[in-house]
Every structure is written in C-alpha cells, then in structure tokens.
Amino acid sequence: MIELLAKYNYWIVIILLTTGLYGVMARKNLIKKIIGLNVFQTAVLLFYVSMSKIEGGTAPILLNHGHGPQPVFDNPLPQVLMLTAIVVGISTTAVALTFVTRIYREYGTIEEDQILELNKQND
Amino acid sequence: MDKEVMNLEIIESARPVYAVLVSLLAVVLIGSSGKYPNLRELWTMLAALLKFGLVVSMLPTILAGKAIEYHVITVLPGLDIAFRVDSLGMVLALTASFLWIITSIYAIGYMRSMDEHAQTRFFMCFAIALSAAMGAAFSANVFTLFVFYEMITVSTFALVAHEETPEAISGARRYLAYLLGTSIFFFLPAMFLTYNYAGTLDFASQGILAGKASYTIISIIFVLYIAGIAKAGMMPFHSWLPAAMVAPTPVSALLHAVAVVKVGVFTIIRILLFVFGVDLLTEIGLGIYLAYFASFTILAASIMALKQDNLKLRLAYSTVSQLSYIVLAVALLTPSGITSSIMHITIHAFGKITLFFVAGAIYVRTHKKKVSELNGIGRQMPFTMAAFTVGAFSMIAVPPFGGFISKWYLVMGTFEAHLLPILVVIVASTLLNAAYFLPIIYAAFFKQPESGEVHGIEEAPALMVVPILITATGVLILFFASPLLLNLVKIAVASALGGGY
Amino acid sequence: MTDLAIPLFLVVCGIAVLLVKDLMSSIMIFSVYSLMMAIEWCRLNAVDVAITEAAVGAGISTVLFLVILGRTKSVDEGKKHINLPALLITVAVAAVLLYGTIDLPHLRDASIAPNTHVVTPYYLENSYEQTGQINVVAAILAYFRGFDTLFETTVVATAGFSLIMLLRAGNKKPGALDKTGVTAIYKKTPASIGVKPTATFPAVLDQDKDIVKRTVTKFLIPFIQLFGLYVIVHGELGPGGGFQGGVVLGVSIIIYSLVFGFEEAKQRLSVRTKDLLVSTGVLVYGGIGVIALFLGGNYLQYSVLLPDPQFASIVGIMGVEIGVGITVAAVMITLFYETVRIDAND
Amino acid sequence: MIKHLPALLIVIPLLVAIITPIIGRLHWVLSWYAVTITTFISFVISLLLLQTVSVQGRISYWMSGWEPPFGIEYSVDYLNAYVLIIVSFMAFAGAIYSRKNIDVEIEDETRKPLFYTIYLLFVTGLLGMVVTGDIFNIYVLLEIASLAGYALIALGKKRQALVAAYNYLVMGTVGATFFLLGVGYLYLMTGTLNIADLAVRLPEFYETKAIFTAFAFIVVGLSIKLAIFPLHFWLPNSYGYAPSVVSAVMAATGAKVAAYVLIRVMYSVFTPAFFTHTPFNIQYIFLLLAVAAILVGSIMALAQTDIKKMLAYSSVGQIGYIVLGIALMNVTGMMGSLIHLLNHALMKGALFFAVGAVVYRTGLCSIENLRGLGKKMPWTMAAFTIAALSMTGIPLTVGFISKWYLAVASIESGMWWLVPIILLSSILTAVYFWRILDNVWLKPAPGEESHEHGHDSHQKPVKSNDAPLSMVIPTFTVAVLCLVFGLFAYAPVSIAEKAALILLK
C-alpha cells in the first residue's frame, strides 16, 4: 500500500497518458483528437514535475542571495524542461488548429470519416 | 592460387584502358557531330581502327607469354575495376575489334540505304557496346566483368529498340528483362557468394574457390553463374536472342553474333576456368552436367531453327545452338575441349557475321525477310550468296572452312573426356545444321524465282558487299591459317590448366 | 488529502473531456483540467510551470479552441463505439508503463539520481554566484540551458510563421482558388455527404458598443501591459519570465481588439509591425548570443558581455527574457489576428 | 571562429530564417537568395567540421560556456559530421531547386518568403538534432523540425495535403511525446541529460525495468518519426501531397536525421551490451520489422498509381534497409546503414526532384502521365533513370554499395536468410521502376498514339521542353552523384567505417 501511494503520481500519469492516447486514436473528430493530444502531453509534463518534488523541499528560490544555510530545494531542472515542453505543446496545438480551420474550409467538415469519404470520391 | 603460379610476367600498362576508352571518346565525338554524317562516320571508323591497332599492339606481349595489367579504381575493398589482358581476353578482343571495323563499313552502307532514323544515337550506342565488350574481354576480376557485362546490356538495349515500332519495343523489353533480370538475380548473388567465400574476385589460373567452400555451396554458386549469364543463350534463358532480331541487321550481325553473345560465352569460360578452376570442377563433376545441359540446348535450338521461315530468326536459333557448342566444349574440361571452345568464339563470329551481313544485304536490296522467298536469289546476288555458302559451310563444319577446326577439337575433347553420348549429340546437330542451311543454298542457286521475275545481277551497295566478302574470306583464312590462332589459344589453355598442357 | 484528491480530479476531467459529445463542454472541461493541473504543480512547488500552464492551458489554448470551434462546428458527430486497435495499443502502452514503474524510485525521495547527480546541486550552488539569479529556474532556463530556451522561442516563432503562411490568403484573388480546383471541389462536395457548413464567428469583427466595457478596458489595458512587462523582467527574483509575460502582453492586445474591434486594433498594432515583432524577439535572443561570440565567449555566454560577469549575466538574462516576451506576445496576437482574418475573408 | 563552428552551424541558419520574412517583403527572391546562401554556408561548415574532426578528433562545444553535463554540449565526431554533410547538401540542392518549383506548387507570392523561413527552420532543426550532444535538446530541435515539416507539407496544392499534415502532426506529436517520456525515465534514473554522461551512468541500470521502458519509448517515438513499419502510416500521404521540393528534402534529410538519432540512442546513449540485458531479443524484433518494411514498402509501391506516393512507399522500404543495418549490430552492417543514409538521400532526392520537374511542366504526377516524357524532358528523365537504376542496386551506382554491405553484414552475423530478402526487394524495386521507365522511354506521349508508328513519327521529333535549368541542374547533379559515389565509394565508406567503429567500439 505504501508502495502504491509512494508512486501515486506515477499511476495518475499512466492513467492520463493512456486516456489521452486512446482519445487521439479513437476519436474521429479532429478537434477532439487535439484535445486528447493535449491530455496526453500534459500527462508527461506531470511526470516530470512530479519527479522534481522532494519531501519537505521548497520552491527553488535562493534565500539571502544564496548566502548562508539554504533549505532543501525541489529540483529545478525538470521544471525548466517542462516550461519548454509546455511552450512546444501550445505551439503544436496552434498549428494543429490551423490545419483544422483550413480542413474545415476545404472539406466543410472536421469528422475524419467524412473527410476520408470525400477523399475517396476525389480519387 | 597466386599469379606467380601462372609463371606469367606481368607488365603494367594503361593500354587496355585506352582500348576501352577510345570508343567512349568516339561516343562524344559522334554525338557532337550528328549534323555532319560524313564526319560522324569518320569518327566511328577512326575509333574502330585505333581500337584494333591498340589491341594488336598488345598481341606480341601476350604471345610472348606475358600479361598486361592495369588497376583503375577500388570501389570497395575487394571490389576493383581492374584490367588484365591475357590470351583468352585477347581472342575475344581481337575478334570483336576487327569485326567492328568491318561492321562499321557495312553499317554505314546499311543505314544510309535504309535511310534509318536516329543514326547518331545508333552509332553512339554501337561504340559504347564495343567499349564494354573490350572491357569485358580485359576484365581482371568478376566485378569488372559484371560491370561491363551490364554496360553491354544497357547500351545494346537502345539498339534493339532502335526502330521504335511496337514490335521492336516489345522485343527490347524482353531483351532487357531477360538479360538484366538474370544478371541481377543470379549473376550478382553468385558474385556476392564468390566474394564471401573466396574473399577475392580476381581471376586466377586454377580458380579462387577451391577449398574455400563446401561442394554444395560451390554447386549452388555454379548454378547461379550459369543461370545468370543469359547472354550465352543457354536454354531456358535464350528467348531474348530471337526477340533481339527486330534490331537493324548490323546490330544483329556484330552484337548478336559477336559482341553480346560472345561476351556471354566468354564470361562462362572465364568463370569456369578462372573462378572455379578445371581441377575443382572435375573433382565435383559439375562439368558433365553442364555439358549435357548445353547438349540439350544445341539440339533443341537446331530443331527450332529448322522451323523458322524468317531468315534472321533462323540465324538467331542457329546462334543459340552454336553458343552452346562453346559452352559444351569448355564444360568437357579437357585441353582439346577448351581449345575448341576458345577457337569457336572467333570462328563462329566470322561465320555468323557473314550470314547476318548477307541477310541484311538481301533485305536492303529486295526487302525480303523470309527463307521461302529466296528462290533464285543466288543469281541476282551471286557474290553475296557465295559468301552465305561459305558461312553456312563453316557452321556445318565442312572443310576447308573454319568451323571444321573447332569441331575437330571438340570431337577430340569428347574422346579425352570419355563422353561418347556427347559425340552423338555433335553428329546429330551437325546433320541438323546441314538440314537448315543447305535448303537455303539450294533454293538460292537452283530454284527458279517465283512468278518468273528475272533479274540481272543486282548486288547490294559496295559498302555492304565488300565487308561480306572480307568476312567470308576470313572464314577461309581461319581454316588455312589456324595455327596462328591456335598459338594464342594454347597459351590460354596452358594458363587455365596450370601450364600442364 | 489534497495529495490524493487533485490528481484524482485530474483523471476524472481527463476522461470526461474525451467522453463529452458537445465540443464546447469538452473544451471547458479541458480548461478546468488545465487549471487543476496548474494547481497540482503549484502544490508541487513548481510555480513557474504552474503559472505557465494556467496562462497557456487554461488561457490561451481555451481561447484558441473556442475561436476555432466558432469557425467550425461544435458537435463531435463521431460514434462512440470502442475502437479495438486503439484500445489494444493503449493497453500495450499502459502495460509497458506499468512494467517500467515497478522499479522506478519512490517519488519525493531526496536520494534519487536527479537530486544527487552533480547537475542539480551545481545549479543550486552556482545560480547566484555565476548568474546573479535567485530563482534557480530562471537561471537554468535562460542561462545554463539557454540554448534550449532559444529554440523554445524559435518553436513559438515557427508556429507563428506557419500560421501566417497557412491562414493568410494574401493577395490571391478569390477566383484564383477555383482555377486550382480546390475551392470548387469544396463547394460541391459537402452537400453530397450531408454536411452543412455552419455559421462562422463574426462577433470579434465588430466593435463592442457597450460604453462601460470600453472605458473599463481602456483603463485596464495599461495595467495589464505593465504587469506583463513586470513578469518578463521579474524572472530573476521570483516566478515568471519572458514566456509568461509575453502571454500577458499578447492577451492585452487581444482583449483590446475584442472590445474595440479588429480594425481599430490593427491601427494600434498593424499586422506588418506584429509580423516584424515575431522575428524581433528571436533576433534579440539570438543576437545577444552572437554578441557574446564577438566578445570572445561561447555562444550565449552572457558573462562576457560586460566586465563584471555576474552583472553581465543579469543583463544578458534580462535581454533574452525580453526577446522571449516579444516573440511570444507577437505570436499570441498572431493567433488571434490570423484566425480573425479568415473570417473577414470568408 | 573555427572553434565556434558547431554553434555557427545552427545559429546562422536560425537567424537568417528569422530575418527572411523581413527581407522577403522587398521581393520574395531575396529570401530565396538568403536561404540558398545560408544552406551553402551550412554545407561548407559541415565540411570544415569533418575536416576538423579528422585532425583533432571529437569536437565538444559548450553552449553558454557551461561545461557538460551542466550546460548543453554540442559535439561532433565522424558520425555527426557525415550526417551533417548529407543534410546540408541536400538542403542546399533543395533550395536551388525550389526557386522555380514553388512557382507552380506555391503560387501565392506572399507565401514564398514564409515558405523559405520555414524551410530554413526545418533545416536548422535537423542540423541541430544531428550536432547536439544533449538528449533534451534533441527533443526541442525535433519539435522545431517537425512543426516546420507539418507546415511545409500542408502547403501542398491539393486539400489532401492538409489532412496528411494533420495526421502527421498527430502521429509526430505522439512520437515526440513518447521520446520525451523516455528521456524522463532516463533522467529519473541517472539525473543527467548529456549523452556522453548518460553513456557513462547508464550501464549500472541496464538490468532495471525502468531503463528498458525508457529505451522502448524513445525508440518507438523515433520510429514514428523515422516511419519504421508499422508506424509509417503518415508517410505516404505526407510525401505524396506535399510540394515536390518538400517531399524531396524531407525524404532526403528528415528520415535520415531520425535514423541518425536512433543510431545515437541505440549505440551512444545505450551500448550493444544493453541488448543482452533486455527481457526479449530486441535485435530480432528490429530485424523482423526491417524485413517487413522492406517487403511491405516494395509491394505497396507496386500498387501505387501516383508516382509521388510510389516513391513514398519506396522510402518505407528503404528505411527498412537502414534499420536492417542498424539491427545487425556489427561494423559492416552499421557501415551499410550509414552509407545507405547518404545513398538513399541522393537517390530519393533525385527521384523526387525529377518528379517535381514533371509536375512543373505537366502539372500531373500519375504514372500513366509519364508516357513519352523521355523525349520531352530528356535531362530530367535521364536523372530519374539513373536514380531508379541506383535504387535497384546496379553496380557502379550507390544503391549497389549499400546493398552489398548489408548483404555482407547479414552473412557475417550468420543471418544468411536476409540475403534472399534483399534480393527479392531488389526485384520488386526493379519492377516498380520498370513500369515508370517503360512509360517514360518506350511509350508514345498521350495524344500521339494516333500517329503512325515507326519512321513517320520520327520525321518531326518531339520538341524537348525540359524543366528550367534551376531545377534540372540540382536534379541532374544529385543523380550524377549517385554514380560518382557508386564508383568512388571509398570516400563515404571510409568515413562510415570510422563512425561505425566509434559506435560499436
């Protein structure tokens, strides 16, 4: 039980990640897929951020300009990495939604099935 | 086996490279002077003469028992482009380069009389094919040989498709599919396996595979090689050759009687003697299987030749059958057999090119293609048909024509190998040869032309008749002056048998 | 108890997002999901990440999703039957993840490798000495791993450029599309499979006539922008930085154009200028790196910029944060401008 | 400045890319100049890097002046330099080629400067992935290259391009996120992101399940980017509908860089020793996937009627070759893979370039429409033919060299059964290219069938109307390189050998 609780956030990550992944693959609505993708990505973000936390640690902001005794700090590096990852994520989402807009303009629908149907008719 | 064992003095010289390059240079010149046909043809002639001169200039060295080598480039470790002139290669190179001169004259006459299109492309491809044939003759290893082998295929492909009629194109398709297909799917893996087991691809006098792999593996490699070298026209990969007959006659004459097919059988001889080695093949007994296999092709092709009414097709099947003589002879793995095999390269070349020239001359003059239309043609074109007779008799192996010499050695070879069934095959096929050539000669000279048309002497243009007469004379010379050729061949046989001959 | 509750709530939101049929609700739940995520991160002391997630996940993405939704349609028409291949793949991925988690170290353990290996202790020790930052996150972001951040900014710019390229119709005449056969097909086909283009989202084009809103907005915007600037340069001391500040700045312009209309917003910040700004931010960042090169340092080695390495680092970091801010703000505005422009062209 | 080459390699294209839309406002051609010159500079820098590596060994450059593993390290050894040269050269060729090509494929003038911006960002991302020595930095650069790639694909003229780009984006993001997750596992176990440092710290964890999971996610993520069968679904439509220059450059560089990263991860982050600790035999899985890719790619290519899609499926097969060499885990196999990186870049580049030229002239790219083009576009089609022959593996072309090495390596590893498969795929390749060459050279152009065949039609030869020089020259140059490196294979082979020895030391 302790084992389970000590890894609580891992389980959450796994559930979110798989939920998102399933959504990406199984949903046929293009916007829904992107939402799924976002859930999927944030799961990985959570994974990183979870590992940055140390029992009893504080946010990694130095006291007294770094002089003197310091408290235990949480690990700042995973946080930095995730800042980057979040930005990458939103950029991807923006481009994806751009595609969705254009697809809607060209096809009049954002349902994958209908788009495939239309493509078949064209070919 | 090391080269030292061959007791040959090696001379470093780039002359074989020049012999290859001279016609490639001509390709550029021919291509750039397409608008001036006379200049263009001048380049062809110059290149042909120069090439022959270069080849002849190496002859004394070879006759003195030396070899000429030149290393061009290492593509990968173990895969080199390198040349090595020895007596076997010399036989092919002399034959091909000499006949190129003759064919060039003939081709000029033929192409101009027929007012063919795209003559520039024609002469360019022709020159490339000749370069490649030289390269194949002088190859020092399997890889170089393979490269030139493919180069011939690709350059002659354009010649076969020359007419660009649907028929020509479908013929060309089959040509490419067979030649390229077999070489990639059998020859290439065979080369790969050779490299893998022997660690080298350089030709050596007693082969490179002995003791390097199990008999099973060697047998597999052997079968792959034989299947891969479709240019030798062995059944079942022979049907590209009749298909290639849609090409203009000079192409059929030089390439499909000399350069292409002879490179095919030459490759087989090379591989058998210098990759496997006589001893190894004798030990495993692979030669006998090949001999029987070739025998089948000899007989089957002869029978099919009988059925052909189209003259060029009949000649093509005759070629298929004659090529297998060469394979059969070398497969006997005896001194006389090998002698016969190498000599037949030259002898058959002269004979068959004469026959094709004649077929072309008849077509140019009368637009007749079929055997059944040739009644009385001998009176209209006496010189041409006389030359045909010479060529045909050489094919049948009647003395005093060249063909007799090689068949004589072949018969001796069968005795040496104690293979009497093969002797039966030779006799049977000689009869078949006679059966499909003699009626033509008889009809040409003794039958009345159809519908009573009477012609005076109406020969083809001199540019065509003269080459015909030259090659026909060549057939005779090869009989009377056979010792000259024999000297060269003996050196080759000696090196193949490790000097024991 | 929150230890367990918030993550659990995240899971509930995550699943609900994908189950809800109405896209608008789905997006709203996603917004809540992001907010909860931010709270969870705050709880994990990852304040910078939490702020960013709040701004991006709950803010910008939600707005973006809504705008796009307005331009397309709001119901997920797909049938919700179970997709077996997808399920199998998901189960496989879950299995591998569970397998890998078996011998992962416990969370919150100070002795795990990330905390003990030389890298993180080095950052904590040298953050102030070498870079003059007391917020170690900012020090790593802008200096220790400054090159990553340069590319992070570039990613944002790339997204901006892509948006402009794909959405801006440019000077192409309406007829020109038909020639390529693209638009013509579109006009014919939707009806053939029974899809009706829904109405677009015209509201953002017009000015809002409500005087109260206008006045309040006019009054508020300077403060929002000031706050944005503060967040950008404040990063050295506490949470915040170029990215978060840039988002705030961008949002201020978006709010402006929402209230005063697109045309008026364009007069304040023309499209050309804004395009220029997308490039400018990255140029500022990359340029500082180049200056460092010329001053004899390695690329992005701020300590060589001025005689005092520590002060030079502070200046350099502030410089690049400003660069990040400019690009991010410009791209945020691009997101809005370009999506609105299509409406205008439709 | 020699010291700073690794940084300049990335920074110059990055900054030029950012300036490009601004100078493109004056006239779009200026942006073309900027991109062409910049890619050329990158190419020169890559050559200089190779030269430097050969003199002083591995180069390590500390970004921001921080010593690794604290800062981001850029490191160059033979492998990086080799891949850099491939990528920068093909990007340069693509840039020259694009000038006229985008006239028809991206008609809109205002889009052109942005096209070049994104093109250059794409190249920057790829170059960065190759030269960086930090695994998280790879992720960021991967996303730049990917985002730029999605946008470039979406520029295709048909609306299917958008759907293709969307699908690629979704799959690509899943792949990148898997990669990120795997990196997270690695970081959690070792506490470092520097590749060299990881290589030192990882072996003690080889037995752990977590590290295996990390490996699995990183490799699966990269496999999506690399389009290893069965994760290749995004590729055919993406290459098929993207503007030709984009297909060419992506096929020639994008997949190569993904393969490079895979090699780095498998042999520099992990080591061959790791593969003896895995719960099941990873080598066999890779080999099976490679073989499946080779066969499925070739067979699917046979089934296509659109030539760009055919080339795309052929890429799936060729990627199989690369994976095959990687999975053989011996020096010869690795050499085969590395040589194939170059060779496939050249061959596929030339093929897509040639197809782009056809699209430029005729606007169509179905195999049926290629009839009689040999006479209309002799140079383009000659280049196509050379590259096609090379694909089938004819000696003296580059295709032969890589297949030769792969075959030798298969035998060395005792996997003789791979040789017939290589051969079989050569047969299939020959067949699907033969269909095209047959149309190009041997069939009359549409509309000319009615003319009488044979001599008459030759009296008025078809006017040759080849593509503009700015397209023909890069196409033909790349095709000729297929021959040059088929004959002078020693140069790439020797570099590949050194790289392979470093990887498998």
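As written, the chain order gives the labels A, B, C and D, with residue 1 at the start of each chain.
Following the convention adopted for this analysis, a residue touches a chain if its C-beta (ideal position, glycine included) is under 8 Å from a C-beta of that chain, and two chains touch if they have at least 3 such contacts.
Keep in mind it's a predicted model, so treat the numbers as computed, not measured.
Fewest steps needed to get from chain A to chain D, stepping only to touching chains, is 1. Compared on C-beta pairs in contact, A-C and C-D come out with A-C as the pair having more.
One inter-chain figure worth recording: chain A and chain B are separated by 71 Å, centre to centre, where each centre is the mean of the chain's CA atoms. Our note on geometry: chain A versus chain C, Cα centroid distance of 12 Å, whole angstroms. As a whole-number value, the distance joining the C-alpha centres of chain C and chain D reads 30 Å. Chain B and chain D have centres, each the mean of its CA atoms, that are 44 Å apart. Along chain C, residues 97, 101, 104, 112, 114-115, 119-120, 123, 145, 148, 152, 155, 158-159, 162, 166, 182, 185-186 each make contact with two or more other chains. Contact of a single residue of chain D with at least two other chains is seen at positions 136, 140, 143, 147, 150-151, 154, 159, 187-188. Contact between chains, using the touch rule, shows up for A-C, A-D, B-D, C-D. Chain C meets chain D in the complex at residues 96-97, 99-105, 112-120, 122-123, 143-148, 150-152, 154-155, 157-159, 161-162, 164-166, 168-172, 176, 180, 182, 185-186, 272, 275-276, 278-279, 282-283, 286-287, 289-290, 293, 297-304.
Those residues of chain D that touch chain C in the complex are listed here as 4, 7, 11, 14-15, 18-19, 21-22, 25, 61-66, 69-72, 107-111, 114-115, 117-118, 121, 124, 128, 134, 136-137, 140-141, 143-144, 147-148, 150-151, 154-155, 157-159, 185, 187-193, 201, 208-210, 212-214, 216-217. Those residues of chain D that touch chain A in the shared complex are 136, 139-140, 143, 147, 150-151, 154, 159-160, 162-163, 165-166, 169-170, 173-174, 177, 180-181, 184, 187-188. Looking at the complex, you find that chain A touches chain D at residues 17, 21, 24, 30, 33-34, 37, 40-41, 44, 47-48, 51, 78, 81, 84-85, 88, 91-92, 95-96, 99-100, 102-103, 106-107, 115, 119, 122. Residues of chain A that touch chain C in their complex: 6-23, 25-29, 31-32, 34-36, 38-39, 42-43, 45-46, 49-55, 57-63, 65-67, 70, 72-84, 86-95, 97-102, 104-114, 117-118, 121-122.
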